[in-house]
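Next come two complexes, and both contain chain A; in the first it sits with chain B, in the second with chain C.
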Partner chain A sequence: MKQASTPLPFAPVAWTITAFVVAALPHLLAMPPLLGAVVVLLCGWRLLAAGKGWRPPPGWLRLLLTVGAIALLAVGFGGLWGRRAATGLLCLMLAAKMLELYRLRDLRMVASVSLFLIATQFLFDERLVYLAYLFGGVLITIGALLRIQLLELGQAVPRSGHLRIIRDAALMLLTALPVALILFVTFPRLAEPLWGLPDEVMDAKTGLSDSMSPGSIADLYIDDSAAFRAEFDGTPPPPERRYWRGPVLWHFDGDTWERAFLASRTPAAKVPPGPDDFLYTVQLEPHERRWLFALDYPVTTPDEAHISLDFQVTRRDPVTTLTEYRMRSNPGFTDMPQLPETLRRLALSLPEDRNPRTREMARQLRERFEDDRALIDHVLDWLREEPFYYSLQTAPLGRHGADEFLFDLRTGYCEYYASAFAVLMRAAGIPTRVVTGYQGGYWQEGGQYLLVRQSDAHAWVELWLAGSGWTRVDPTAAVSPARIQSGARVATGDATGLDWLRSLQYRYDRLQHLWNAWVLGFDADRQQSMMRFLGLPRLSSTGMALLMVSLLGLTILVLAWAWLKRPAGSRDPVQRAWIRLMRRMGRRGLGPVLGETPLAWAERVAPELAEGEKLHELTERYCRIRYGDCDDAGLREHFIEQSRKLSTDRVEPRRMASV
Partner chain B sequence: MNNQSPARSGSLLADDLARARSTVNDIIVDKEAVVDLAFSALLAGGHLLIEDLPGVGKTTLAHALSIAVGGNWQRIQFTSDMLPADILGVSIFRREDEQFEFRPGPIFANVVLADEINRATPRTQSALLEAMAEGQATVDGHTHRLPQPFYVIATQNPLDLTGTYPLPDSQLDRFLLRTRIGYPSAAEERRLLTEPDRRDLLRDMESVLDPARVLELIELAAGLHVSEPILDYIQALVAATRTHPAVKSGLSPRAALALTQTSRAHALIMQQDFCLPDNVRTVFPALAGHRLQPTAESHMDGDAVAAEILESTPVP
Partner chain C sequence: MATATGSPVETGRPKLLDRWLKRRTRLDLPLTLAYRRIFILPTRFGWMLGLLMGAMLIGSLNFNNNLGLLTTFIVAATAINSMLLAFRNLNGLHLRHGAARPVHAGKPVPWRLTAVNHCERNRDGLRLKGPGPDAVFNVPARGVREVTIELDARGRGWHRPGRLRIETTQPLGLFRAWSWIEPTTPFLVWPQPAEHAPPLPEGGDAQSVQRRQAREEGEDFHSLRRWREGDPLHRIAWKASQRHQTLLSRQFRREQSREVFLSLERAPGRDLEERIRIVTAWILRAEAENRSWTLELGEERFGPDRSESHKHACMRALAEL
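So, the complex of A and B:
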């Protein structure tokens, strides 16, 4: 292998490594810490080597290190497949490249692949903030490429070099923006995605899971990120009716509630449209599960989704990207006026050896109340009157969870209440199932949509009552009505302070909403409706591609024209400084007229200026630099500095001689 | 610069040039611009055409210039009956040694004042113009080189239309610059009236330069630095003449080259080390005015077109 005779200078290497580290950072944070440390160490070593002019390590060592790191990665991710492992591998290979970063070509390769690396983060995270990060990273990477080019051309770096490079890179990025925009808007969208994202939940940012045990969704309560957003045709439902149905749980083994195979595989009854239906569009953030959320009871299903017997809306594929779907819900529907025997058995089963005190209480209640409704009302009153508290600070429950909670602990949140209440009801012989989902949401006046966050996760209970079918009963509402009206944060007293921060968050979420709607959700339909809005006919994919190509060609022509027509000499800093001075003078009405030479202009204008003498001097210097045979860098710098300092103030108006 | 002496001799030469200029300005009062143009034409290796009324000092200017420049000078008063031989000279058969002997005409001088050139017949005019262009005179098949430097100051009287043969457009191109002198200001005219006669002053005037040094100055001017922006400017001006609606045809590439050379010469006269857009602007009307022939329907003459182009072309 041939080694470059001269080591690369420090600055381009530092630029390249910075670009790489910025691109890799989001991936590093998601990697096993050891691998992140390896990447950082390799980059740090290369920086030091560039500073001190160290020799590269021998080939066998490089090979060993690389193979070792890949082995680590394979162990850390349990294989080399999947999005995380693949991007991790890319990070690692680039970091290994640090060991042989000794030619211009290597630098360029690392910088170019960093561009790809930073874009791969969109496989994991489509949030708006990441876009800002992406722009920053791309800016630095283009800067690195520019710096490498300077090195290649052997050009001296100007004194304000780094800023200048960043500015040039920003300009290039800005120039590319219209092209990107055209590509985005006109690129033919397929109704079906070109490839499916891998069915992988390894790093899923999960919302609800398909099982529930008291304490399992505690970490959701402190998560303020959006679960989904809903836009309503007409007025949104009031807070107490905003129950967004998620997984419905039937099986209870004493600790955990789980879904039932039978219920989730059987199709639901047909819900007829009603007079008070809610029509709404949901933008669901990716949660790596198959279910969608809807209000009770869904009349229509989105494409590719089906509704199970217990009115869970599920899709065939997990929701791995932002998904938008339209729903219609009829709140007045009666679910299952007749309960089949299999379901009744399912909805009454309880492990025999658990919660004896609860069973005893149920037995006593059953003796007192013949009527199911009276029994339920009594229990709810009991919950209300006894010292039960709504709080996120709870203790873990033991073997007899419902007993411990109902008679000893009496402090908890929705899961605790739902689970214990359901156990009590089943023990009392009322068919019961637990429903998890989201409840409430923040109505964004500014954006006209309902923002439902992870912290709005909720669990409640449905009881089957003769005559009214499955009926929602929320024991949490009995204990803490504030939870239902205003959300968990208010209910736990956590809402005080930092109101401005909160309102900032809501503002940001509105932006995110627009981003979701117009960028992430920009599908074939949106594209066509935008075309319609622009007055263009409905275009086929080919037509769209033609439109794209012609718009691109036009843009490139315009950019080329602007580039060719840019003011001559404007690449020269002296000339730019002079043009700036002219503009400043022009604003004072002292600019040069067409065809006026610099000297003639100075001659004309100087008498009107407070610093006329300086102007003469400056103009004389400018002529020397621009027209003369002078290549004195000092003189040029001095001129630029002086031209900035020159004041454009006019002379004091001459006082009238007093007579 | 690795050798010091050319620079020093250059600056000495420049001093001489400045003195020559000031001596001429002492004689021709209030006409610095015209004097500078006259020197520019000289140092760019061209010839000067002065178009003005009789009595404004054309002859005095030419005379003063010729003295300042040194070398010999001749004056030719053109008339309608003049023949080429009257300018170029004749070959006379000498009986003694049975050979033709060339008697050089008045054109064999360093500075030639060709007065009222448009009164001569075209044939005579072209003899002069050809000599100006070639730097040599051909008489009876023998070519005689003209002295160097060779500088013609021609005058023509625009008002005196009767009995004149106007110079053809193509021939006007032989003159590098054309200018007018114009009337002096009142104060300067008063000086003319009160001070001794200019002809007496001319008699007392001493040469500052000599032909050898003038040639050195011409060489110096040709080597003066012209930067890219100035060349851009020159090209922009020339291009503007070619698209201007009021002229038949724009400036030729030769004229563009002449503009560059004259600007250099003017810069040297202004004691600059490099050419400024100001130099180009100053010489442009004199250079372009007579070369731009207005179209039949336009009301502008060449000078007006040149002025308009100067006002509408940005200075790079």
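So, the complex of A and C:
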């Protein structure tokens, strides 16, 4: 083991640090920038130190820097102890290790913890692109370990050594794949987690939030990443019925819509199954929140989820990994034929001192229309006929948001319309709530699933009407029917050009879908269905483990056989011919003894052979071809032929005497 | 009197393991490493990575994180591969004795091993472990390498190298594959020369003195060298000087006039060991002064002579006492 007194050479340190940085890269990007900068700086310093042969810094400085870094971490994550903070701490500790990276085993430690970092990244994101990260990271780490091994042996590596190391590492990785895949497919999966996620404050993630204030976030609507994918039994619903229900918002303080404690904690009425029910499976991308998305109105809930009074489907634990759930929705259900008084009050409350013009308009409308439905139709017509525009490029709203939007700005997207419309309706005395979720989605013909992206996020309004209960009204649809039929991108006129790019994106998403289904969603159920597909009986987890062990044993045997089989003969035909001759002689008891040179052997054996002279000649020729610089093809062929012809008959003195 | 005093390289090894090893396989050279002789266990780093993989496995299983599992399994499969590769690195390697040169007791003894690789691939990162520092070596494809390690030699006489280890942690340092070898061919350790030996005993017995006088006149011509001031005229090699266009004078190596007679019995010293050491020192001194010597050990006599083989015979006789 190297002592701290001999500084480590540059190359192994550089390999190790590269492995670490590659493994930590996604973590670094998710960290507060200052922390990421500290990690990169420490790595850079260590590289420089390795290049220039600097000594390790004194102990007190190391301690000071480490404590400082941890303090930074505590401040950077604002005291929120989540998984990001935990992996951030791991990155920071490894970076602090750079300050005392002066022994061989430290290098190995950093390299192997890099593997751990790679695995932890998948707690946050498991998309297909991360497969490249997995293989790249593991490849470089194996390379680093190979390079460290050379250091331990104390061998000088030729200059072109790095390429060779990459090649060797790639070969190791490739040959590891069969065993890894067998393990992956057959390793028994846990049906129940051993421990749950701590009820931690989740890291910020794009996606819907549980509140809505118009104009605060437009980022979501230009985010093309997938929110979820849905597969339908039978035909999917038409675009105008694809309203995926998310958080339902009741409270409005003049700026922000929020959920109501009462409504979200009370269980919903039981929805009976109907004749036109949609049956579908949703693969939900992790969004760090508890709610699931469903079409109206969910009949059954997945395990561990409950439906609230306003038909939000909520899970006990946040969705932190790709989650698949099965749903059944009955679109013909009437939600709440009778509205309880508490809910009515909740659905009518408005801050008194806001939006005077909207209130005035509502009062006038109320005077003109007795009937709620006529009033609503009138307002929708008004929205349609007045110059309202659907656009993501719009201005923020001030104190009287609904007033500013309805009478001045008149340009905005769903949140603007839903909020202003809801204010108007509440002012007119119609119980109103805002529903956020996703609307629409892209039907993937090739993959037979509906792709719903973040940009499909939507907000609409539900009004309580006597007779039909809570009824969905979408003011955005009145302004921009294209939004509902074709999505936000078409509606905002952003769909020009780059069609090929978009179709490429959709193709890629189909791959991603397969990936989700077969790799990420591979669980105990899929394992069993795969066994059925292969015609194997249903196995208990013990049976699965046995299958795994036997398959593994078999693969390792095959690998061992391929690697450990006796060395193949020489590639040189002359050498092969020579070895054949040796063998023939050996069978006669005339083979060379260990360490005997060809010439010495010929000297010893020739007198016993009938064709001793020829053996001498042949041996000399062999030595000339093999050890000389003779490269004449004719000579070589002649040698091979002669060696084949040479007789191994011994001299028989008695017969010779008799002749 | 050749006593093979085995110097156990690793003392205190449980007898049970010893017996098992011996029953399992022959450890003597020459041998070819094969599966019965090769043992394999994780290194400390291997255990550490194993622990880390365990943590990765449990974490990924718990969160049903398939990509995390895949990472774990790829690492595990790589580890399994590296185990096979470590084994392969030793498997089929042929080992035999190298030439050994005797040395004096008290110094480390260089002991040589010859490794022959019959395969078409290199065997890198092999390590021969003895009591001293390890020897790291590579054997190229279809190549032969000689490795030298230093053994402790505590006393004179015949020793066996004891149990040695040939090992490798290739390619990742996760697993250590090793084989024991226990060569039975002994090596000779000459006695240690005394540090402050008395001067060579001058004179000797009558016979040797006579022989000495007979040789007194003889001067052996040794070589030519450039003439220096002070060289007598009769030393100048005129013919050669003419050929080389410069003055050359003949060099004579003067036969050391006095032979020495060394007798173990008559050597000073408190005990046998000390006397042996003193006689050893005398032999070395006689050799250094280029004098011939006779060694008397009880009934046996060696010499007189001053050749290398004479020295070896004397040293061996002393070592074997």
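Note that the second predicted complex is superposed on the first by the 540 of 659 C-alpha atoms of A that agree within 3 Å, B and C clash if a C-alpha of one lies under 4 Å from a C-alpha of the other, contacts with A are read in each partner's own complex, and residues count from 1 in each chain.
FYI, a contact is a pair of C-beta atoms (placed from the backbone, for glycine too) under 8 Å apart; a residue touches a chain by one contact, two chains touch by 3 or more.
Predicted model only: the values in this text are computed from it and were never measured.
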item	value
Which of chain B and chain C A:F522 touches, first, second, both or neither	second
A:F261 touches, of chain B and chain C: first, second, both or neither?	neither
Which partner reaches more residues of chain A (counting touched residues only), chain B or chain C	C
Contacts of A:L153 with chain B and chain C, given as first, second, both or neither	second
Touching partner for A:L183 - first (chain B), second (chain C), both, neither	second
Touching partner for A:T120 - first (chain B), second (chain C), both, neither	second
Partner chain(s) touched by A:A600 [first = chain B, second = chain C, both, neither]	first
First (chain B), second (chain C), both or neither touched by A:Y627	first
Overlap of chain C and chain B interfaces on chain A (superposed complexes)	568, 594
Interfacial residue positions of chain A with respect to chain C in the complex	105, 108-109, 112-113, 115-116, 118-120, 122-123, 126, 130-131, 134, 138, 142, 145-146, 148-150, 152-155, 168, 172-173, 175-181, 183-184, 187, 189-190, 193-195, 197, 320-321, 519-523, 556, 559-560, 563-564, 566-568, 570-571, 594
Residues of chain B that touch chain A when the two form their complex	225, 227, 229-230, 232, 273-278, 281, 310-316
Complex contact set, residues of chain A against chain B	568-569, 592, 594-600, 623-624, 626-629
Residue numbers on chain C that touch chain A, as the complex places them	30, 45, 48-49, 52, 55-56, 58-78, 80-82, 84-85, 87-88, 91-92, 96, 118-121, 124-125, 127, 136, 138, 142, 169-173
